[in-house]
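The letters A, B, C and D name the chains in turn, as written, and every chain counts its residues from 1.
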Amino acid sequence: MCRWIAYRGETIPLEQYVTAPAHSLVVQSVRALESTASTNGDGFGLGWYGEHPEPGLYREVRPAWSDENLRYLCRHIRSHLYFAHVRASTGTPVTRPNCHPFACGRWLFMHNGLIGNWTRMRRQVESLIPDEYYGSRIGTTDSEAVFLAILGAGGDKDPVGATARVLAALTEMVSSNGYHEPLRFTAALTNGHDLYAFRYAANDNANTLYYRASGDNVVVVSEPLDKDRSIWTPVPTNHILIARAGERVELRPFFSEKRQAAE
Amino acid sequence: MCRWIAYRGETIPLEQYVTAPAHSLVVQSVRALESTASTNGDGFGLGWYGEHPEPGLYREVRPAWSDENLRYLCRHIRSHLYFAHVRASTGTPVTRPNCHPFACGRWLFMHNGLIGNWTRMRRQVESLIPDEYYGSRIGTTDSEAVFLAILGAGGDKDPVGATARVLAALTEMVSSNGYHEPLRFTAALTNGHDLYAFRYAANDNANTLYYRASGDNVVVVSEPLDKDRSIWTPVPTNHILIARAGERVELRPFFSEKRQAAE
Amino acid sequence: MCRWIAYRGETIPLEQYVTAPAHSLVVQSVRALESTASTNGDGFGLGWYGEHPEPGLYREVRPAWSDENLRYLCRHIRSHLYFAHVRASTGTPVTRPNCHPFACGRWLFMHNGLIGNWTRMRRQVESLIPDEYYGSRIGTTDSEAVFLAILGAGGDKDPVGATARVLAALTEMVSSNGYHEPLRFTAALTNGHDLYAFRYAANDNANTLYYRASGDNVVVVSEPLDKDRSIWTPVPTNHILIARAGERVELRPFFSEKRQAAE
Amino acid sequence: MCRWIAYRGETIPLEQYVTAPAHSLVVQSVRALESTASTNGDGFGLGWYGEHPEPGLYREVRPAWSDENLRYLCRHIRSHLYFAHVRASTGTPVTRPNCHPFACGRWLFMHNGLIGNWTRMRRQVESLIPDEYYGSRIGTTDSEAVFLAILGAGGDKDPVGATARVLAALTEMVSSNGYHEPLRFTAALTNGHDLYAFRYAANDNANTLYYRASGDNVVVVSEPLDKDRSIWTPVPTNHILIARAGERVELRPFFSEKRQAAE
């Protein structure tokens, strides 16, 4: 399991949530509290938006806790919308292209979760990626494949609908032919303006997800960044958090109708 | 383009061909003479056989010329059959899983060449890998895909025939539908006993390949390791070098009948 | 704090103690039990002797638990005397030259411990290294400085006496001028034939050290490699374990007489 | 030998000089034209100033030409004063702390050149670093030692005078006791407001240095970034280029009087 944070709001230095808090993401890389893998030392990544329409990326295979570059970058890079992720690999190699977040055009994506039995499922999942996005697959993770499948399903125009369609297909895959492989999907997606965060699972419990909103600022996290947990609100299972540009945060049930319809 | 060497013979330290000669593979990583990419600094790898039936591997993203570990390992590891490779990427990322050689079970493979327009061809080539070998695809290169396709085409029992079948399929792919993409394949394949080296191209000139044999010892190289080039024999285009366990080196025309039949 | 193992005995693959046991050194890199730093993910290293009089080294900045090269090397390299170390930095950067073990000529050294307030003490400690060994200082750790000081104090001919002299000087440094900086020194030293392991501390408790001997084979470890801890014998504080070539293991009080004499 | 660029002027993205020009610094990392080491693949670094009084740093051991992070950072980071450096090691290890630029407080420094016979000279040069700056020595290069010696000689208040004093001491060291070791010093130094670039040598020819100024903008480079070399002005040997905040570029003879006085 991994840990991540997503921020949208006033322009701030990345350090405000990545390195400064008592239980910051970098602290979570050494010792997470709500993760099955308490050490998240299999690489990390930053993604952020500035003046350029496409996001910046910094990804590295070393653990976040000992990376001097990370500290310098978090102090110096300022952004109104950024992602940060520390990785605990579920089996795929520790390479930069396998570190989150993933970028494609103006979109960024990061993920905490897994598709069970990835070796067996991989080919089916990769078949969801249309040819026009397959050239953007530079790593080998399940997470990157799901991201490109979402873009391929129309994510650029309808990110919520496309994600729902891809998750429906994945849920079908992990549950068909007598399989009950776990599918856990706690993910963030953005185009640089609108932020979407998902908490979903099939055949398993969903990974934790919390948020804190104040005015136009919202932070979404795998686990609270402070010892005072009361200021963080859990995102319920099978819900989506939507923070559109210039709008307040909204929580919506996600995917449950479709599943009921299928039952 | 990359540079590589393959050795089969008496048990010797790896350094004898990797680091010691005047124009050793490590020297070629800084400045190759017969390569379009004169710098081969996009990672490197060693593969060797010892007492264990499966080969050892050491692959690293840093250039060979500055890697202290490489020098220690080449001095201390002794083998009767080993591969070494310095990489000049043709576009895929510089990650350890994208460095050569590639291992699968008791087999090792390394490659110098390319499949033209890999982004477009990739999906077709990957479709040549049967499911049972797709789980062994841990990188994203054309070279690894071709290796697994060869094993999937029966390489374990008939390596020469399987390689010919895969190259026939690839030649068809790069030449069909009005395409004339280059296919260059100068590669080495071994099961720890028998060594096979291929020099082939379609729609392009083949990359260079030389060898030197003395008794049971044979060294196959992308370019001569000594200033005295006269002691090295070129492998002709569309030929295969076969050095079976306990047998002398044999050169054979490769693939040309099939191509004539197709013409 | 770090974790390490040292082995001397029959020639065996490194994997037998580095990767195979239930609580192997690689497992300890993720979660050590008797260490103040439970994660030892700041690089690692292997050092071993083979046919060459000087040892081999493999050192890497990535955590041991995710390094594929480490698994291949531990399976393929066989040795009668080897060291392995996983690092938790006490402040110096995560670089290969700062990873243990350190090599100089035919000698190997590794260390778990620290010299308190290294920034202030460093210059004094480095002044213990004679000019002839200062060119071998390629990193910046306290551990490497102590190693070169030991060699400079005559370690090549009298390793136990030289280590005692250097520790006496260090103990004086950390305790003089009103300072009571901790000095913890749990270390292994070898010339490829004789193995010495030290457990010592001043102004602090000594780090743990255990061993297991059977015939000519001896393994010395920071913490037991098995769940059954009863088969491991603690090395007492301020003792040295000596395993000379072809001789049984011997435990001796170390340094305490000298200190009393000095009092 | 290394290659570097320094920029001071309007706030621009780093890419304008690091990655965009025909003969950009990244192109020079693969093939430099005026360098004895035509490949500068032993790591690289960026240093820049933004809103924080202390500079940002990104240093990496991989070659600049294959580092995806470098491209993202150069596109997204904007600065009015920045340094970039590609390294060809003259012997010290390829580690991040040995990559340029070096930072200390609000100061940045980078260097192309060497102190001949560094192994022998090192201790003398390090003795020029006062204790208060020795804790900032996190690498092992001659360059970092010279930087800290300059700060220790009063560089914070009088950078030109302090550099002259340190170079006088170094010149003495490389020329005394019958030695004629080369000393080459082509370096840039800044506090975030004022930029100083030096071209000096003793016992050898000075490394090349060029600049281009337009209004308040100035770029100083090891070699021209464009095929049209005529728009670049060489900095003469034993000269200093001074670009103080808000002032035009000024070239001054440097150090030559002192040397004549000493003769």
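What we mean here is this: a residue touches a chain if its C-beta (ideal position, glycine included) is under 8 Å from a C-beta of that chain, and two chains touch if they have at least 3 such contacts.
Everything numeric here is computed off the predicted structure, so don't read it as measured data.
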Note = chain B turns onto chain D (C-alpha superposition, degrees, nearest 5) by 180
Query = When chain B meets its copy chain C, do both sides use mostly the same residue numbers (more than half shared) or mostly different ones?
reply = same
Remark   = When centres are defined as mean Cα positions, the distance from chain A to chain B in whole Å is 38
Ask   = If you look at chain B, which of its residues touch at least two other chains?
value = 68, 93, 96
Query = Okay, in this complex, where on chain D does chain C touch?
reply = 92-93, 95-97, 119-120, 122-123, 131, 134-135, 137-140
Request  = Under the touch definition given earlier, write down the residues of chain B that touch chain D in their complex.
outcome  = 30-31, 39, 41-42, 61-63, 65-66, 68, 89, 93-94
Ask   = Across the complex, what residues on chain C touch chain B?
value = 48, 50-52, 56-60, 68-69, 72-73, 75-78, 96
